[in-house]
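Each of the two complexes below includes chain A, the first together with chain B, the second together with chain C.
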Partner chain A sequence: MGNSLTSLRLKSVRNLVILIIVWEIVGRMDWIAGGALPGLSEILTRLWIDRGDYPGHIWATVYASGLGFLIGNVLAIAAGIAFVLSPTLLRLMRGVNIAIFALPPIAIAPILVLTLSGMAPRVTLAALGVYFVTMSATVIGLSQYDTRSADLVRAYGGGNWLILKLVRIRGAIPDILSGLRIAAPNAVLGAILAEFGGGGRWGLGTYLLGSLGRGDPARLWGIGLVATLIAGLSYAIFAVISSRISGSTRSVTLNTAIPSSHGENAYGRSIQALILCGTITLPFVLWWAFIKLTGVPDLIAKTPHGVFEYLFLNDTSAIARGKLLAALGQTLPIAALGMIAGLAFAFLLAISSRMFPGFIKGFMPVALVTQTMPLVALTPLLVLILGRGYSVTLWITISVTFFPAFVLLVQGIQRVPQSVLDLPRAYGASAWTEMRMVSIPAALPYLFAATRLTVPRALLGVMIAEWLATGTGLGNLLNRSRGYLDYGMIWTVAAVSVLLSVAIYYLVLIVERRTLVRLGMQNVE
Partner chain B sequence: MKYTMNRRHFMGTAAASTAALAIAGRAHATTPFTMQAAWINDAEFAGYFLALDNGYYTDEELDLTYLSGGPDVIPESTIIAGRADLALTLPDTTIRAISEQGAKFKIIGTQYQKNPLGIVSLKKSGINSPADLIGKTVAVPPVNTVTIEALLKLNGIDLNEVNIVPYSYDPTPLVRGEIDASLDFTTNVPFTISTLGEEANSFLIYDYGVTTFNDTIVVTEETLATKRAELVGWLRASRKGWEENLADPTVYPPQWADTWFKGTGRSIENEVFFNEAQKDLITADTGVFSMSEEAIEKNIEALAAVGISGSREMFDTTLLEEI
Partner chain C sequence: MPRQPAGISLRSVGKTYRGRGKTVEALKDMNLECAPGSFTALIGPSGCGKSTAMRVALGLEGFDSGEVLISGQTPGQATAGGVTGVAFQDAALLPWRSVAKNVALPLEVLGRDVSKFSAEIAQLIDLVGLKGYENALPGELSGGMRQRVSIARSLITSPEVLFMDEPFGALDQIRRRQMNVELQRIWSETKSTALLVTHGIDEAIFLADQVVVMHADPGRVVDIIDVPFARPRHPDLFSNPEFHALTDRIAKVLHGE
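Entry: the complex of A and B
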């Protein structure tokens, strides 16, 4: 065991070294789009020359993303615990949760800059980026507990609170940690995106904006690498903690009792309808309250009613609707395609990670770079490689979608208890047969959860590509509207992109429920 | 959300107490005054940096807070929201906001007599006038869509004859020939293009019918009514800063390497180039910020071509007379 682990490590180090050498050669020879990808040594040289610039920017980014990460996660874990204790609250807040999850940062950043000032837009965007991931990880962890341990506590006279404390929270820690791990890069990216647009003096996003005009890929990659390093370090911290802890909390044998989906039908029809009503209206109430609290005038801050008026009651409503529908017609098909492509890629990677662990370990640093490299830095370079057609949009969409789905799928595959794996192994099944017959079906709830996770990110990816490369669809409409001071449209695009994500999310959820109920599995929140 | 609000509040209090301390240290009481710039720190705003450094605003009894801009910052929004007293804007958007959304703005001066925006291309591609853009790919920042529409319309070119793609502030696609031209500040990008080993060519949209100002100085009607003295003071101090800066454009940018221009990601040589190139676009016979009747008329005419209906009442030249 010790030997194979050492060889595994050696392999991943070897892969990394190969990767760096290939990168250096490709970069030095200017093979990719005439130097759009510089060699690592060129990037490091540039970093060294620019070393005086970085501390101020790094500090600003770390401050905003760290504060956002903290606020977002404290709220997320508290909310997760509250939701598990009160399924009614979870159902009531579902609309809000999904809306937060579905907010495309590039549509929200301009709105935050309009309504808040100073560091607040950065911190808020970072906090919004982490909330859903950690909240859902907390709920997953707390709901998928071993009922036998809970029965034990109950047999000794323990109540729900004691079960929560002794069994569920303990069991949920690996999930919460993996949530924090995914959330960390989100916080950094959120802060950088807000810095890029928000006009502050310091922050890596601001530095990036100033550097774009230099036409110096080494500088852009350097900023990207520094962002990656910050995100990667925070990711690594939680990865290490989670690998230390996860060993002691995994169940050794399989629990054959299926946890009951309690709470869903505990109420009468009228109360259920009331809750549903609350679920739908709550996000709009919060939206309205946010505007009223910030005290920003009606002209620039549109309430739900303001957006409705803009789209349906004004003289210009027909024109606005026309623009919106045309943009949607361009954005939606490619977003659907990108989502499928991103999921397929994540699925392949997750399977490979079980079958070729060494390869995946070597690939992980690259994967992480794609997650934390600010896309605004890379898109002009990607355009040189891929042009301005569908391929650039698809690549960007895959790159923003695959990672969270991949992490979730790997988790699903890893959580298959040892005893289930022993059976095919005892019959001498190959790794592939074991994967096909046991691990993949067992990970099905996670595949559905990954699909839901991917929906809004696909929309985000497409909108970024539209904004910076293709000049079509919602992403372009949003940015043109800023030039027209068309505040109604800015809010409309944000609202519509959220509503759409929520709608598709529910579509997936319905399919998921039906399938999982038939298979006797529990869905992953 | 609640927490960030509290933080904001705290920051506000902190800023206020700093300001209070600053006031206590001076003989005259200064009035807090905030300006919203249009972009990140670069030579475009050199005059204000100089006036700040030399205390010209303090001389006018103003305690100036300078807010830099960025792609998501709509300067007009900042003054509507009351976070700044004055903003530097693109007249196209300001006038559209007044005429179409009933925004209560007044234009009280202009930094650029001629808009520095132009079509930048590589010399070898031979693009010397709007007509040469037919059949070419032009990168345009999505916020400047109105501007390119105006240029093509005023030169009788159909929008569909030019392939317009988004411009993302990076000249690399231009240098590599992925695009043929871009709409950008002619005072800025040609420098980068030359450092990348190519020769740039550019023309101002101003010279082809889009006769507009840029960085127009905009205030709300309310500010105009309540802070007239401060606004005149700001104009006077800023004009002083600009005139001194433009007397020799090579002098000041290098002095700001460790202050205003520290860590902006741009080079000092670029700022010197910018500062020299913008001199003729800012200078006016009747002093920086002037708006002659003829120039105002030209703005209204050019914008009318793209359906933006401006009028003389949107401009207020009386403060300039008080400088």
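Entry: the complex of A and C
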């Protein structure tokens, strides 16, 4: 074991060294797209020359993402606890939760810049980026507790609150920490995106935006590397903390009882309908309240009603609708194509992972690192390499869906006990039979989960590419509308992109339920 | 008939689990009377409702009909008042708490000042033979040691009524015998009313004043056998002919002969 681990480490180091050497040669020779990929030494030299610029920008980004991370997580954990204590509240807030999960940060950034001032848009976008991940990790962690320990507390007259305090919260800490780990890079991405869309003098996003026109690839790569480093470090900090802590929290024996979610069917039809109404209207109520609370004039800040007016009641409505539909016509096909390609690739690779485990072992760390890369900082680099055509959009979409889907699928297959995986082999099954009987059924539920989870990312990827590179679709519409001060359109694009990803999410969910029920499988959250 | 304040009293208790499609009549017209300070063993085939009866008596599970009284109180009043102590089949220790802190858990639930009980905690840990392991985490103990922690925990509140659901299920035969002897000693010192759910007939006879036999479908009491042996009982009893005769008699009832 120790030996194979060291040899794995050695191999990784060797691969890294080879990669850097190839990178250096390719970069020095200007082989890729006429110097779009500079050598590592050139990037580092540029970083050294620019060293005076970085501290201010880094500090601004770290400050905004740190504050947003803190605020977002405090809210998320409090919400998670409240949801677990009151399933009714969870159901009421489902619409809001899904909307926050689904909102492509790039579409929200201009709105936040319009309605808030100073650091607030950056902090808010960072907080929004962490909320959903941490909240759902908290709910999952608090829900999967040892029912026998809870019985014990109850046997001494303890109620729900004491069970929460003595059993569930401490038991949920590993889950919450792994939530924080995944959320941390999201905060950095959120802060950079808001910097990108909203003026100000400091921040890596601002720096990147200012450097776009200078035609200096080494500078862009430098900023991309620094942003990735910050996001990666924030991930690593929580990875270390959680591996330190989770040593003592694993349950000593396996608990087989799943805690029942009380109250799912405790109400009559009419009350259930009422809750559903609340679920759907609440996001719109919050949107409306947000505008009223910030006190921004109607001209700039559109309420749900304002957006409706803009799209259907004004003189210019027909033109606005035309622009929107044209943009959707450009964005959706490419987003769908990229997603399907990314997911299919991830699925194929994951189900065949049992055939070449060595490759997967080496590849997983790479996949994990890409998860932490701030997309917005990388897009300009891809544009440098791939140009401004559709291929850049497609590649970005494929990569943002492929990596998370792959990680999820592999982890799903890894949950199947080795003995189950080995069983067909023991009866002399061929590799294909084994795959058909075990790997594919094991991975299928995770494929659906991955599809649902990557919809907003795919939309975000396409829109960033459109904004920065191709000048088409929703991303471009958003960018142009900012220039023309077409506030109605900014709000419309934001609302439509959120609604769209919620709609696709539910569409996948319905297909998923049907399919899995027919195959007699369970869906995963 | 004047009602006596019995230790544990279940009268014509009915309890049906309603699952998806099928219903299980876990208890039907279940009667159980345990005199204060007595030791009762509850025995029966797997799935006959032993655990259900205990969970009903602890207020962990509601019931459909009948009456349940613990020291003259409802289960809810009794548990919240610290009258009861409980040890489950699984030790159910919190993995992040030390042995001493796990033993102290019921005190915390009942809102008592844990710091005032440090002497009792140490004494109980010593009693179950775990002296020196006060600060160990459950993950560092063997299955049998964890079980003993859970016994110590069930005694920390000096309960009037003690419930045990197969507390020695995870132990080997020799350890089990040792723990039986230990439990008898501990119980005779505490003077509590004890209800022990078990699968071992010899264990039931060795420890109990009365052995209550249950059958399944629906879960009900089919026989109550008094155990005549004088206390304190010596481990030699396990090889006593009268002991074997009683074991055979209970086995017959258990298997429905």
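What we mean here is this: the second predicted complex is superposed on the first by the 370 of 525 C-alpha atoms of A that agree within 3 Å, B and C clash if a C-alpha of one lies under 4 Å from a C-alpha of the other, contacts with A are read in each partner's own complex, and residues count from 1 in each chain.
Heads up, the rule we're going with is that a residue touches a chain if its C-beta (ideal position, glycine included) is under 8 Å from a C-beta of that chain, and two chains touch if they have at least 3 such contacts.
None of the values given here were measured: they were computed from a predicted structure.
In the superposition on chain A, contact of A:202 is made with chain B only, not with chain C.
Touched residues of chain A were counted for both chain B and chain C, and B has more of them.
Of the two partner chains placed by the overlay, only chain C lies in contact with A:162; chain B stays clear of it.
Contacts of A:383 after superposition on the shared chain: chain B is touched, whereas chain C is not. Looking at the shared chain after the overlay, A:268 reaches neither chain B nor chain C. Judged by the touch definition given at the top, the superposed model places A:152 against chain C, while chain B stays out of reach. Listing the residues of chain A that touch chain C in their complex gives 146, 148-149, 151-158, 162, 166-167, 170-171, 248-253. For chain B in complex with chain A, the residues that touch the partner chain are 1, 3-5, 7-8, 11, 39-42, 67-74, 76-77, 80-81, 83, 92-93, 96-97, 101, 103, 141-146, 164-166, 168-173, 175-176, 178, 188-189, 192-193, 195-196, 262-267, 270. Those residues of chain C that touch chain A in the shared complex are 55, 58-60, 76, 79-82, 84, 86, 88, 90-96, 105-106, 108-110, 137-139, 146, 157, 163.
Considering their complex, residues 33-34, 36, 52-54, 56-57, 71, 109-110, 113-120, 123-124, 127, 196-202, 206-215, 217, 219-220, 290, 293, 296-297, 299-300, 376, 379-381, 383-384, 387-388, 467-471, 476, 479-480, 482-485, 487 of chain A touch chain B.
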